[in-house]
Amino acid sequence: GDGATTAAPSDAASSGSASAPAAVAGKVGVILPDSKSSARWETADRKYLEEAFKAAGVAYDIQNAQGDKTQFQTIADQMITNGATVLMIVNLDSGTGKAVLDKAKAQGVATIDYDRLTLNGGASYYVSFDNTKVGTLQGEGLVKCLTDKKADKPIIAELNGSPTDNNATLFKNGYDGVLKPKYDSKEYVAGPDQSVPDWDNAQAGTIFEQMLTEQPKIAGVLAANDGLGNAAIAVLKKNSLNGKVPVTGQDATVQGLQNILAGDQCMTVYKAIKKEADAASALAIGLAKGEKPTAPATVKDTESGADVPAVLLDPQPIFFDSVKDVVADGFVTKDELCTGEFAAKCTEAGIQ
Amino acid sequence: MTPVLELRGIDKSFGPVQVLHDVDFSVHLGEVTALVGDNGAGKSTLVKCVGGIYPIDSGDYLFDGKAVQVHSPRDAGALGIEIVYQDLALCDNLDIVQNMFLGREQKRGLVLDEDTMEEMAARTLESLSVRTVKSIRQLVASLSGGQRQTVAIAKAVLWNGKVVILDEPTAALGVAQTAQVLELVRRLADQGLAVVLISHNMNDVFAVSDRIATLYLGRMAAQVKTSDVTHAQVVELITSGRSGDLGLTNGVTV
Amino acid sequence: MTPVLELRGIDKSFGPVQVLHDVDFSVHLGEVTALVGDNGAGKSTLVKCVGGIYPIDSGDYLFDGKAVQVHSPRDAGALGIEIVYQDLALCDNLDIVQNMFLGREQKRGLVLDEDTMEEMAARTLESLSVRTVKSIRQLVASLSGGQRQTVAIAKAVLWNGKVVILDEPTAALGVAQTAQVLELVRRLADQGLAVVLISHNMNDVFAVSDRIATLYLGRMAAQVKTSDVTHAQVVELITSGRSGDLGLTNGVTV
Amino acid sequence: MTATISPKRTHESPSIRTNVRGYAERVRGGDMGALPAVFGIVVLCTIFAILRPAFLTNGNFANLFTQGAAVTVIAMGLVFVLLLGEIDLSAGFASGVCAAVLAIMLSNQGLPWYVAVGAAILTGVVIGTTLGSIVAKLGIPSFVVTLAAFLAFQGLVLLLVQGGTIIAIRDETILAIANKNLPPVLGWILLAVGVAAYAGLQLLRARKRAARSLTFDPISLIAIRVAALALLGGLAVYFLNLERSRNAAVVSLAGVPIVVPIIVVLLVVLTFVLRRTAFGRHLYAVGGNAEAARRAGINVDRMKISAFVICSSMAAVGGIMAASRASSVDPNTGGSNVLLYAVGAAVIGGTSLFGGKGRVLDAVLGGAVVAIIENGMGLMGYSAGIKFMVTGSVLLLAAMVDALSRKRAAATGLR
Amino acid sequence: MTATISPKRTHESPSIRTNVRGYAERVRGGDMGALPAVFGIVVLCTIFAILRPAFLTNGNFANLFTQGAAVTVIAMGLVFVLLLGEIDLSAGFASGVCAAVLAIMLSNQGLPWYVAVGAAILTGVVIGTTLGSIVAKLGIPSFVVTLAAFLAFQGLVLLLVQGGTIIAIRDETILAIANKNLPPVLGWILLAVGVAAYAGLQLLRARKRAARSLTFDPISLIAIRVAALALLGGLAVYFLNLERSRNAAVVSLAGVPIVVPIIVVLLVVLTFVLRRTAFGRHLYAVGGNAEAARRAGINVDRMKISAFVICSSMAAVGGIMAASRASSVDPNTGGSNVLLYAVGAAVIGGTSLFGGKGRVLDAVLGGAVVAIIENGMGLMGYSAGIKFMVTGSVLLLAAMVDALSRKRAAATGLR
C-alpha cells in the first residue's frame, strides 16, 4: 500500500516548513479517542505526533478521552481554554465530534479530523486510513488463507468489534463485502457472528468459546483486531486447533505478529501510523504557524455533501512473509518481536 | 357489652416454632386490660398480631363485634388501634417531632405545618413529665433510654385511638415518669378508650387494671377481673400457668 | 480501702450539649453500688465513659488507685470491667452462644471450640432462670425483649471481671428472672467483685445495694451508704437534686 | 440540660450573636453541614488554579457548569433512591435510553422538541415504575434488579440507535440547553427574583413563628443570609456575563449557561419535596428504619416505587442534557463512568449508601467536585494512564476533607 | 416452646427421621439455605438445554468452569468485604493490576512462574492493605475510596502494560491453569480423598459431641451427606473425564479442568475461615452490629483491613486466572463488566450489601449463575443489542427464584 499517497505527507509537510519564520506560533491540541480499543493511540500516535511537534517547535497538548464522550468534549473545552489554535480530533462519534468542531470553529480554531471523518463536521482537513478498506483487506486475507489451506465449504465465524464503535461497523462492512458473495455462492458457510462489547478480550474469549461449542466445525475466524484474534487463538489452542483454523487481525501488534510467526494467526492489517501521524502533524504545524497548507485529495462528506481536503493512506495486509515490512518500517522493533522461541521464526521470516 | 377488640383461637408460628396456641383475648372500652406473662410467653407476639405486623396463621380477629382482616399496620391504624411496641420502632435519623407525627403529618396544603406539630409535640411531652430533653428538634438517636420510651408513648397517645396498647411502656422510665404514665393509662380508660397494658410489675398492674389476661408459654391461661384475684395468684399463673381452679389443665384453658 | 474504680471531675459534652458536669464516682470491691437518677440524668453516659465507648472531655480515671487511660472498650475489658449496656449491644445476625462469647471465643488451636462454648452458655443461662428459649442456637434477632436482656447479662457474668456494671438489667425481665438477677448481683459482690447497678426501681436498689450514687442533671448529687438514707430521701435526690443537707447547692455538691 | 422542651419558654427571639455562637459551636462540635464539601471544592480549585492559570478564566468557569450538568442531575435523582438504602446501577443507561427516545422523536420522527422531551421523561417514569415495582413487590435486591436493567438498557440503547449508528440532533431548542447562554440581562433578572423570593419566604416564616411565639430567626440573621446569597449569586452572574469568546465579533459568548437555572430550579424543587412535604419526610423515615415507617402506616412499597420514578425521571433529564451537549445520541450515551461518577457525586456530598441520610444539595456539591476534577485534569495534559491515577488520587483527596471532619463529629458523639 | 436450653436434656441422638423432618420444616418455613440458588441454576440450565442442545454437551460443561472461574474467585473475595457492609469497586481493576504484574514478571523479566505468582498476590495484599487502611483509619466511605482506586488502578494497568500494548504470556504453568485439565485418574483420586476427609471429619465431630452428650448428627444422616457428595462429585468427575476433543487422536481433552480443584480448595479454606475461626466470627459480628462488636473488644479497624486484604488477594488470584485464560494481559483485563458481575454473583447468591449475611458458597453459586448465563447466551447467536437485553432479563429471572423464596421466609417472620 505504498502508492501515490505516501507523497502526500511530505507535500503537506513541506508546505508547512516552507515559511518557517518562527512567528508567534500557535498551539496544537490533539484528542485521542481511547486507549483500549487499540494499542496504537497511546503507543504510536502519541509518540509520533509528539516527535513531530517537538521537532517543529510548536506547542502542543495531546490528551486521551478514554472512550468517554463527555470527557471528549470536556477535553476540547479545556484545550480551547488553554489557548489551542489548532484542534486535531479523533472523534468518538460524529455527534460529539461535530459539537466540538462547531465550538472550535466558532472560536476561530482550525480543525483537523484525524483517522475518523466527522460527518457534517466541516473540519478543515481529514487525514486517515480507510476503515472500510481495512475490513476489505481482512476479508481478502481470510479468503487467501482459506484458499491456501484448501478449505472446502469452510464455516466462518465473525468476531466483530464493539457494537458501540462506529469503526467496528465500517470494518464489518468491509469484510462482509468480501465474504457475503462467498456465502451467497455457497462457497463458504456463514457461521456464528457476534460483537464483542468494548473490544474486551476477556469477553471475546468466552464468546468465541461458545461459538465453537455451538458450531464445532468452525474453519475460519474473522477477528476484527489482534486482541480479539488472540482471544480466539487462546481458545483454539486449548482445543489444539491453533494453526488449523485461520484467524485474522488488525493493528500489527507485537502479539499479533508473533501469532503470525507462530502460524496461529493468518494475517493482520498494518496501518503505517507514522505516515498518518506525520501527515497530520505537518498540516497542524502549518496551521499553527498561520499558513494554509494544501491537501492532495478530497473526500466527500456523505452527509453535508461537501468535499473535505484530505490525506488518505492505505492500510497494508501482513502475512508471514511480510512481517518483515512492519519491522523495516520501525513500527515494532526486532527486540520486542523476536524474543525467545520467536528468534528462529524471525529468521525464517527473513527479519533482520 | 361486646368487646371492642376480640381475638379467638389465634395460632402463630415462626417457621417450625409455634409461639401462640389457640389464644383468646378480648378488650373492652373504658377498661384497662393488663396482659401479663413470663419472658417469652408471647405477649409481644400477640400485640404484633393485633397490630398487623405479623400475619396470624389461624383464628378470628373481631373489631366492634365484626370480623375484620388486618394485614398491615395501616389496617390496624385505620381501625383506631394505637400501639407502643416494646422495641419502640423510632427512626433514629429523625428528630422528636418528626417521629411523633410520622405517618400523620400535619399539613397546610402540600406543605408540612411544622409550627403546629412543634406546638402539639411540646404540649404532649410536657404532660408526660419529660424535663431533660434539650430540644424537641433533637435527633431520637441521641436520646436516653427513658427519653426514647417517652417519645414512643407520646406518639401513641397523641392520636385519639379507640384502643391503645402499651407493651412494657414504663420499663425504662424513672419514678416520676412511671407514675405519670400509669395515671395517663387510667385517664385514657376513664375517657372511654380501651387500654391494654403489658407489664412485669405487679404493683402497677394491680394499681391501674380492670382485667388481667395471663399468657403462659403461648397459651392464654386466664383472663379475669382484677378484683377477683390476688397478687400471689397472678404470679402463680405467670410462672406455672395454673392457680387453684384458674389456668390451664394439660395445656387447655378451663 | 481505695476504691477499685474511681472517677474524678468527669466532664462530657456532645457537641454543644454538656451531659456530665464534674462528676465524681467511686466503686468498691465487695460492694454493690447503685447508680440512680432521673431519665436523661446521664447514667448511661457515665457508664459508657467508664467502658471506653465515649472519650471523656476532662477528669481522671483511676483503677486500683492508679490513673489509667481508657480509650476503647478493649482497654476497659483489659482492666476487668464488664458492662451490660442499656441498649444491650447484641449482634442480631448471630445466635445466643455466638453473642455470649463474642470477642472471647474458646478455641482449640485455630478452630473454635463450639462444644465447650455451648456447654458453658447453657450452664450460665440456666442459672438465670431462662426457661422459654427454644434452643441456644437461636438467632438473637428472634428473641423476646426479656430473653435478649438475659443473654446480655449472661454474656457479662460469664467472665470473671473485677467490676461488673449493669445498666437497668431487669427492665424487661419477668418477676422470677428479676429476682434471679438481683440475687446474682448480691452473690457477685459477696464473691468480692465490685458491682454497679443502675435501676429506676427503688425496692431493688434498697434490696441489694451497699451504696447509692445519685445523678441529677449530669451532676453527682450525692454518693452515700444505703443504710444512711431512706427511700424517700433518695427519691427526693433524684427528682430535685437535694434532700436535707444531702445533694447539690446551686449545682455544687456539698 | 436545664432547658425545657416547651418552645414557649425558649428565648423569644435569639439575638444574632446567639445564632452565630450556636453555629460556631455546632461546627466545633463537628456538625458542619455543607462546610467540608465547600472546603473541599475550594482546596481543589486552589490547587488547579496554581498549577494551571487557565483554570481561573471566566470561560473555564462557564465550562464547569455545562460539563458537570448531566452527572449532577443524575446524582440528584440518585439521592432519592440512596435515601432508601437502595441503589440504581441502571441510572446511567436509563439516561441513554431516554436520550435515544428523544433523538428518535426529534430526528427520525421529526416531532417538535416539547413532544420529544415529554416522551423522554415519560420513558424515565416508565422505567422507574418498572424497576421500583420489581424491587418493592418481588423483594429482589435493588443491586441485582438494576444490574439486570443496566445490561438490558445497554442493549436497548443499541437497538434504539440501531447497532452503532449515531442519531444527530439538530433541534435548536434542545441544542441550546447545554450550548447556549441566557442573555446577560435575564441572568440579573432571575437572580433578583430568586433573592427576593428567598428573602420574602424567610421573613414570612419568621413572622408566622413569632406570632405563635415559637423560636424564630432574627431579622439580622435573615439579612445576613440574604446578603450572602445575593453576593455569591451576583459574583457568579457577573463573571458569567463577561465576554468569553475568543472572537467576540464572530460569536458572543456571554451570559449564564442555560443549564444553570435548570439545575437551580431542580435543586429548589427537589429540596422542597424532601424537606417540606410529607412525602420527603416519609422517604427519610423509610431509609432510617423501614420497619418503624411501616408500623407508622407508611406504604413502604409505594415510597420505593416513587423514589425509583424520581431517579429515572432525573436520569431522563440528565440524558436530555447529555444529548444536547453531544448534539447526538449514540450507543454509549449514559455509559462509561457516568453511573459511577453520579453515585460518587452523591456519596462524596455526604449521602449514605445505607439510607436515611442525604440531601439534594449534597449531590450538587459532589457533582461540582467531580466536574472540577474532570475539568482541572483536562487542563493538565497528562497521558492516559497518569491521568486516571491522578484523577483517582484527587477524588480521594476531596473525599478526605469531608470524611475527616465527619470522623471528628463521630468522636464527639454526634453523627 | 417447652423445650429447655440445656443441651443435655435435648434428644440424645435425634433419629434421621427427625432430621429430615426438621429440614423439611425449615424449608417450608422459608429457610432454604442454598436451595433457591440451586433451583435457579437448574431452571437456567433446563431453559438453555432446550433452546440449544449444544449447551448440554460435556465440552460445554467443562467450558463453564473455566469461563466462570475468574469472576467467581473475585466474588469469593468480595464476600468478605460485603460481609462488613463495605464494597470494593476496585476489585476488578485490582485483578488487572495483579495480572499485569504477573505478566511483566513472566514475560518482560523472564522470572519463573512461582515468583511471578507470588509477586501478583503480594501486589493484591498491598492493595488490600492500602484500601482497608484508608477506609478504616480515615473513615472515608468505601464506595468513594474504591471508586478512586477503580480509576487509579485503571491508570496503573495502562502504565504497566505501557499504554495499550498487550503483554503475551507464554509460561506453560500459568497457561495450564485455565487451559489444561487434570489427568482423569488424578480427578478420581482427588475426589476420593475429598470425600474420605469429609466423612472422617463429620464422624469425628459426631463422636466428640456424643462423648460430651451434646446433640449430634446420627450416623445415618452423615452417611446420606457423604453419599450425596460422592454421587454429585462422581458424576461431575465422570462427565469431565469423558473425551471432549474433536480429534482425540491429535489431542486428548479429558479430565477435570485445573481451575476446578483450585476453586474447591479456595471454597473449603475460606469457608473454614468464616465458620470455624474466631476471625470469621468477628467478621459476621462487625457486619451485623459494628458497635456491638467494638464493645465486645473486637478491633473493628483491623477486621476491615483484613477483609480488604482478602478481597484484593482473591482478586489477584482471579487476575491470574484471567491472564491464563486470555494468555495475555491488556489494559482491559479486569475491566468491563468484571466487577459488576462479581458483586452481582455474590449478591445473587444471597450475600447482603448491608453486611452480616453471606457465605463463600453463595459467591460460587452466584458465579455459576453468571457463568451459565454468559455461556448460554454465547450459544444463542443474538445480535449485540438483543443479547444485552436477554442477558439482563435472564439475570433477573435467576434472581427472582431466590428472592421469592426469601420473601416467603420474611412473611413467616424469619429472615
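We just call them A, B, C, D and E in the order they show up, numbering each chain from 1.
Basically, a residue touches a chain if its C-beta (ideal position, glycine included) is under 8 Å from a C-beta of that chain, and two chains touch if they have at least 3 such contacts.
By chain, with names taken from UniProt: B, C = D-xylose transport system ATP-binding protein; D, E = Xylose transport system permease protein XylH.
Nothing here was measured: the structure is a model prediction, and the numbers come from that model.
Note on connectivity: the fewest chain-to-chain touch steps from chain A to chain B number 2.
Most remote from chain E, judged by the distance between CA-atom centroids, is B. For this pair, chain B with chain D, the centres built from the Cα atoms lie 44 Å apart. Chain C has its Cα centroid 28 Å from the Cα centroid of chain B.
Our note on geometry: chain B versus chain E, Cα centroid distance of 47 Å, whole angstroms. Centre-to-centre spacing of chain A and chain E amounts to 39 Å, using the average Cα coordinate of each chain.
Among the residues of chain B, those touching two or more other chains are numbered 14, 17, 40, 130-134, 142, 217.
Multi-chain contact residues of chain E (touching two or more other chains) are listed as 1, 158, 163-164, 383-385, 387-388, 413-414.
Shown for chain A are the residues that touch two or more other chains, namely 35, 42, 46, 163.
On the chain A side of its complex with chain D, the touching residues are 32, 35, 42, 46, 61-64, 66-71, 73-75, 77-83, 92-96, 98-99, 102-103, 106-109, 120, 163-166, 168-169. The residues of chain D lying in touch with chain E in their complex are 85, 87, 89, 134, 138-141, 143-145, 147-159, 163, 340, 343-344, 347-348, 352-354, 383-393, 395-396, 399-400, 402-404, 406-407, 410.
Interface residues of chain B, counted against chain C in their complex, comprise 14, 17, 37-41, 44-45, 86-87, 130-134, 142-147, 150, 168, 171-178, 200, 202, 217, 235, 238-239.
Partner chain A is touched in their complex by these residues of chain D: 52, 54, 57, 59-60, 63, 67, 70-71, 158, 163-169, 179, 245-247, 250-251, 322, 325-333, 335-338, 374-375, 378-379, 381-385, 387-388.
The part of chain B that touches chain D in the complex is made up of residues 51, 53, 72-74, 77, 83, 85, 89-94, 98, 102-105, 107, 110-112, 115, 118-119, 122, 125-126, 130-136, 139, 141-142.
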